[in-house]
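Attaching a single structure in C-alpha cells format; questions to follow.
Chain nomenclature is as follows: A, B, C, D, E and F, assigned in order of appearance, with residue numbering initiated at 1 for each chain independently.
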Amino acid sequence: MSYDVLVVSAHPDDAEVQMGGTLVKLVDEGLRVLLVDLCDGEPSDFAEPGVRVAQAMRAAAILGVERVFLGGQDRLLADTQAMRLEVARLIRLHRPRLVFGTTNATIHPDHAVAGPLLSAAVFLARLDHWARVPGGELLTGTEPWNVERLFFPHCKMEPPWGNDLAFAVDVSATYDRKRAAINEYGSIFRVEEGDRLLTFYEAEDAYFGRLFGVAYAEIFKSHSPLLVASPTVFLPGLHA
Amino acid sequence: MSYDVLVVSAHPDDAEVQMGGTLVKLVDEGLRVLLVDLCDGEPSDFAEPGVRVAQAMRAAAILGVERVFLGGQDRLLADTQAMRLEVARLIRLHRPRLVFGTTNATIHPDHAVAGPLLSAAVFLARLDHWARVPGGELLTGTEPWNVERLFFPHCKMEPPWGNDLAFAVDVSATYDRKRAAINEYGSIFRVEEGDRLLTFYEAEDAYFGRLFGVAYAEIFKSHSPLLVASPTVFLPGLHA
Amino acid sequence: MSYDVLVVSAHPDDAEVQMGGTLVKLVDEGLRVLLVDLCDGEPSDFAEPGVRVAQAMRAAAILGVERVFLGGQDRLLADTQAMRLEVARLIRLHRPRLVFGTTNATIHPDHAVAGPLLSAAVFLARLDHWARVPGGELLTGTEPWNVERLFFPHCKMEPPWGNDLAFAVDVSATYDRKRAAINEYGSIFRVEEGDRLLTFYEAEDAYFGRLFGVAYAEIFKSHSPLLVASPTVFLPGLHA
Amino acid sequence: MSYDVLVVSAHPDDAEVQMGGTLVKLVDEGLRVLLVDLCDGEPSDFAEPGVRVAQAMRAAAILGVERVFLGGQDRLLADTQAMRLEVARLIRLHRPRLVFGTTNATIHPDHAVAGPLLSAAVFLARLDHWARVPGGELLTGTEPWNVERLFFPHCKMEPPWGNDLAFAVDVSATYDRKRAAINEYGSIFRVEEGDRLLTFYEAEDAYFGRLFGVAYAEIFKSHSPLLVASPTVFLPGLHA
Amino acid sequence: MSYDVLVVSAHPDDAEVQMGGTLVKLVDEGLRVLLVDLCDGEPSDFAEPGVRVAQAMRAAAILGVERVFLGGQDRLLADTQAMRLEVARLIRLHRPRLVFGTTNATIHPDHAVAGPLLSAAVFLARLDHWARVPGGELLTGTEPWNVERLFFPHCKMEPPWGNDLAFAVDVSATYDRKRAAINEYGSIFRVEEGDRLLTFYEAEDAYFGRLFGVAYAEIFKSHSPLLVASPTVFLPGLHA
Amino acid sequence: MSYDVLVVSAHPDDAEVQMGGTLVKLVDEGLRVLLVDLCDGEPSDFAEPGVRVAQAMRAAAILGVERVFLGGQDRLLADTQAMRLEVARLIRLHRPRLVFGTTNATIHPDHAVAGPLLSAAVFLARLDHWARVPGGELLTGTEPWNVERLFFPHCKMEPPWGNDLAFAVDVSATYDRKRAAINEYGSIFRVEEGDRLLTFYEAEDAYFGRLFGVAYAEIFKSHSPLLVASPTVFLPGLHA
C-alpha cells in the first residue's frame, strides 16, 4: 500500500498540533496520509497506559489519515541505526512524495532526536544494495525511494520562528477538524477547562493566520531550497 | 520638565499598538512618559483631517502619558538633519533614562526612516559644543544627555520576529487599557466591525503572551547588548 | 492597460540577467509583463548613447514583454520621493499581482537604492487619499492597488546567496530565449568574445539549476513570508 | 536540601571561569548555589590524580558555593540517558529557580555533550509518572520541578560571541573573588607564571566589562526568550 | 612519517570532489598530504565490492597524495569514542599543520557524523596524559599535537553556501587533475555518460570560480576565526 | 602619486583606533598608505578648533602614513553624490590595491554614512566614460581603477563582533606605535588620566589578541568573499 504523505513525529499529538489543518487539506486534495509516531506517548498525564494510543487513533480518523507507532520510549527516544532503518523501510514501502518531520528542536529531547533521525532515514531510503550492508537486512526486499520534499512544521513547544519560516499554509477552512482531532487527547490536555497548552497552540495558528490575513495558518521550514515551475504557484487561483 | 521615558514613533497609534501595555506598566510604576509622533498621521482612512490627532490625545490620556507631534509628512517622512536634531533636542530637554523606537523596518517607508533617525538622535543628544557646529544651534542651550537604554518594540506591520527578540514584557494586567487606547482610533480602524488589523495586532500580543504562559506580552529588541546587575532580575519576586 | 507582472530594475539588462528565464515562463503562462528600468543605462562601455536603449527594446521583444524607462541617472541613481511616487503610480496604473525588484545590494550603488525605493513604492501604491498629501498629486486619479507578492531575483553582481534563497524557478526550457535577450546587449557585453560577465551569469544559473537537478534555475527571495494553499504547490504535476 | 541555583558544567573550573563573578553576586544576594561537575577533570596537566578535585572544593569555598561531581570521564564525556536522568534527579531534589550550562560548543567535545545533556535534563525534570517509564526509576521519589530560567554563560574556549549575547552581568565588584577561586587551580593553570589561558580569560571579562563601561562583565545567552515584568528591570537603582 | 595536511572524509571521493583542486595545489607547493576515509564506500552503485577502494587509490595517485581507510560502515557511520581516538592517533602520528573535514552537514548522515567526530579528534590530539584515561591507551606512545588550522571544504551534496563562506581557493590551474581523479570513480559515477552528479559538482566549482573572476574555485569555512600576519596575504604576488 | 592602501574614515582617530597596528605593519612591509578622513573631527571635547587636525597629522607621522581631510561636518556627515565622487576620484588618483572603511554601523551616524559612501565610491572608481555623466566631471581626467579588496576594520564604538569576523591581524609587534599615535589625541581622550574609551579600545585589541594566542589583534570583515591562492596563506612561515 502506498501513501502520498508520511508525517514522522516523536509523539501522538505532535502531527495534529503542528500541522493538523494542513493534513486535512492534503486529505481533501485526495492524498493518502500516514502518521508515524516514533513513541506511543506513554506515560500521559491524565490517563492510564493505552488510553493515549486509542485517542490518537480517533484523532487520525477525524483527520482522515492512518497511523502507526514504532515503539520508541517517550522522553528517552534514542536515535539508533535500527530506528533510522525502520523509518527508511516505511518510506520505501509507502513511497510518499512528501515527508514531514521536526527541525531545530532544543527543548524536548525526543524532538531533538526525531529531526536528524528522519533526515537520515529519508537519505537512506533512496540508496540501493542494502544486502551488502551489515545491518541493512531490514531494507532488502524494498525498492529505493526518493522523497521529493522534506518539510518541517513548527513544533510550538520549540523556539519560536519569525521571518525565518519558509512558507505558511492557510488552514482556516480545516481548523475545526484540527481542533476536533486535538480535543481527542484528554489524556494530555485538560480540554474542558481551557488547557494552557491548547490555548497557546491555537494562539500561534491564529497569529500566523492573521499575519497573512486569514484566520489560521500553520508554518513550515524546508529541508532543502524550494524549486518551483513558476512564481505563479504563489498566486492562488491564477490558472484556475 | 523631565520625562523618564520617550517613545519616538512615526505615526499616532504606533506606540499604542507596539507597546501600549508596557506604557501603562511604566506609568503605573510612577514613570513620566512622553510620546513623540514624527507625523500627525494624516490623511487617515475614515476621518477628516484633525480627527486622528484628537483621537491620539485621548489615547494618550487613557494610557496616562503625554504626547507631542513633530510635523513630519506621513507616508513621505524624511530623515533630515533638522528632524534628527529636533528629536535630540527633545531628548536633552526631557532627559529620559529609557527611549523606545523602531528597528528593522522594511514594509512602511516611514518606519524605515524612523529607526536610523532615532538612533542618530540618541547619539547626537549626548554630545557637547553644539555652538561650534554649523546647523547645531537647535541644541545650544540644552545640556548633553546620555540615554541609558534604547529599546525597539516590534511593529506588527513589519516582518515577524521569533527567537531573535531580546525580551518580552508581560502586559496581561494592563491589556484592557491598551485596547481602550487603541480603540480611540476610529479614524484608522473600524473598531466596531472587528477591524482586520486590530484582530491581527491582538493576535500577536496573545501569541507571545501564551508563549510565556501569560495572557498578553509585547516584544522588544535592544539597540545594544543588555547589562544587568544580576541574572536574578529575570526572577520575578525574588527579592520582594 | 493592465499588466500582471512588473519588474522594477535599476538598469536595462538587470531584469534579463536576473530573471530572464522566469520572465519567458510568465509570458508563456499568458501573463502580461512590464519591465520598468529606473535608468536608461548610459553611458555604456562599448557603444554611443542611445544604443543600449534600442538593444533593451529588442531584448524585451525577444522575451515577449514591454518596457519603459524612468529617466534616473545610471551610477548616481537617487531614492527620491518623486521616483517612489512615480513607481507607485505605475503600480496603480497597471495593477500587477506580482512585482519583482532588488534586495540586499551592497556592491552597485544603484542597486542599493532600487530595493528600498521599490519596497516603498509598493507600500505607497495601496494607500488612498493622496489628494490630501502635499506632493501626492502624482497619485490622484489612480486607484489604490495592493500588490500580492514582491519577490527579489538575485542580482549576480551582488553578494552570493546560498541556503538563504526562498525559492528557485526551473528555467531550463526558456534559457535559450533568456540568452538571446541578453546577447542583444552588445553595448555592455562582448558577446562574440565570451564576455567574462556573461560567462559568470550563466555559470550561476547552471549551478543553481544543477543543484535542483535541472539545467538552469533562477533564484529568488521574498519580501514577506509565503502563504500557500497547500504544500502540494511544491509537487509539480500532482493535480494536473 | 534545596538550592536556588544549579550550575552544570563539564569540568571543575568551567563554572569559575565562565561565571565566577556572577556566582559570587548570586551568593551575596543570599542565594544557595550548587555546582555540578559532570567530570572530575582528570587527568590534569600539572598534578597527580585527586589534586584537581581538592582545588575545586577550595575554589567553591572561596565562591561560597557547594559542589558535587558526577563521575563522567573527562575528554570522553558521553551524553547517556543515565547521565540525563541523574542531572534531572539533582534538579528535582534541589528545586533551583535558575540553572546555568553550556551552549553552541564546537571545540571541546565534553562541552558539546554538556549542552544538550543539560537541556534534556531540565525538560525531563518537570515530567511526572516516572514509575511507568522503563529506566525512569532514578526519578521516582522526587517531585517534578520546573526550572524558571536556563542560562548559558560563555565558555571562553568556545567560539567568541559578539552582538548575539543575550545579557551581561557586571562582575567588577566580585572579580577579586573570581580570580582567587580560579587561582586555586594550580593543577591546570601555571598561576605564578602568567598562564596563557588565565590571561585570555581575564581579557574577555575585561573586554566585555569595558564594552559596558564597567571593569569586568560575564556574558550569557538564554535557552528561551526572556520575559520581564517591565523594561525597568534594566534600569539599575530605579526603584531602590 | 609525517604529513603536512590531513583530510578526513566520510567516503572515498569526498576529498576529491570537495577540494581536489586544492589538494593538487598543496602537493605542488611541496606539502605531504594524507587522505583519511572513515569508510571504504561500500556498497557502490555500479561495481562489486573492492572496486571503489582500488579506484580511490588511483585517484590519490593522480592527486599526488596518500590514502588510508578506517573501516567505518558507509551509510551507518557512527561517531564512537574509538573512532575519535583513532583519528586523534593519526593526527598525533602525522603531525599535520592543516586538517580538512566536514561541517554543517544535514543531508548525508555520514557527513553529519564526520564533522563533530573530526572536531573532537583535533581537540583530543593536543592533550597529554592519556595513560591515565580509561580507554585512552590508543594515544599512549604518541606525543600531543596541536593542529594549526581546521578548515571545512564545501560538500556539494549538503546545503549550498553563499556569502557565509570563509575563503575560496583558485583551482583553475589544477582542475584537470581534479577531474581526472574524480573520473576514476566509475563505481559511483557514470563518467562516460555525463553523470548528473559530476555535472553538478563541476557547475559549483565553475560558479564560484567565475564569482571571483577565475575558471574554477573551491570554497571553505574555518573551524575558528582566521589570524593573519597582514591583510596583504590576500594580495597575490605583492611580495613575490 | 600612488598609494598601495587607502583608509577612508569618518573622523581623525577612527583609522588609528580601528587598525593602527595593522597600518604600521603595512608601512613596515613597504606599502604607501593614505588616510582619508571625511570630517576634520570638530568640535572636539577638550580643545579649541584646529588642535585635533594637528594631532591627527602627528599621529599619521608616528604611523608612517599620510593623511587628507575631505571637509565633511562631523556629527552631520551626509552621504552625497559629490562626496562619493570625491572619494572615487582619490581612489582613481592613487590606485590602491587595498581599501579599508566602515561597515554595519548603527551607533554613530557618521559611521553609518561612511560605509555605504565608501562602497559606492569603490564601485564608481572602476567605471569609465564619466564625461558623459551629468555631474561626473570630477572623475574625468582620471583613469578607472579596480580596487582588489575592500576590508572593514571593527569600529569599537559600534556593535561588538564575535564569530562573524572574517580575519584578525596580529599587531602585537606594532602595538606600541599604535598606542603612541592614539595618545596624540589629547583633544578627545584624557590620555593622562586613563581615559575610559582608550581603556576600552585597548581591552578589545587585547581580547582578540589573546583569543588567537598573541598579545594584540585587530579584527576585520570583508566586502566580498576572499579568494586565496592556497590555504597555506594561513600558515605563517611555511614558505619562508
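FYI, a residue touches a chain if its C-beta (ideal position, glycine included) is under 8 Å from a C-beta of that chain, and two chains touch if they have at least 3 such contacts.
Quick caveat: nothing in here was measured; it's all calculated off a predicted structure.
**Student:** State the chain with the largest centre-to-centre distance from chain C, centres being mean CA positions.
**Tutor:** Looking at centroid distances, D is the chain farthest away.
**Student:** Over half shared or under half: which fits the residue numbers at the contact of copies chain C and chain E, same or different?
**Tutor:** Copies use mostly the same positions to touch.
**Student:** Report the inter-chain centroid distance for chain A and chain C in whole angstrom, where each centroid is the mean of the CA atoms.
**Tutor:** 37
**Student:** How many angstrom lie between the CA centroids of chain A and chain B, rounded to a whole number?
**Tutor:** Taking the mean C-alpha position of each chain, the two centres sit 40 Å apart.
**Student:** List the centre-to-centre spacing of chain B and chain E in whole Å, with centres computed as mean CA coordinates.
**Tutor:** 52
**Student:** Among the residues of chain A, pick out those that touch two or more other chains and give their numbers.
**Tutor:** Residues 159-160, 163, 165, 211, 225 of chain A touch two or more partner chains.
**Student:** Specify the contact topology among the chains shown, as one of line, ring, star, complete or other.
**Tutor:** Its topology fits none of the listed shapes; call it other.
**Student:** Touching pairs of chains, all of them, please.
**Tutor:** Touching chain pairs, listed by label, come out as A-B, A-C, A-D, A-E, B-C, B-D, B-F, C-E, C-F, D-E, D-F, E-F.
**Student:** Touching chain F in the complex: which residues of chain B?
**Tutor:** 81, 84, 116, 119-120, 123-124, 127-129, 132-136, 223-225
**Student:** Please name which positions on chain C make contact with chain A in the complex.
**Tutor:** Those in contact with chain A are residues 22, 25-26, 29, 31, 97-98, 148-149, 151, 163, 165-170, 211-212, 214, 217, 219-220, 225-236, 238-239.
**Student:** Note which residues of chain B are touching chain C in the complex, please.
**Tutor:** Interface residues on chain B, with respect to chain C: 42-45, 49, 73-76, 78, 106-109, 112, 159-160.
**Student:** In the complex, go through chain F and note every residue touching chain D.
**Tutor:** Its residues touching chain D are 159-165, 196, 199-200, 203-204, 206-207, 209-211, 213.
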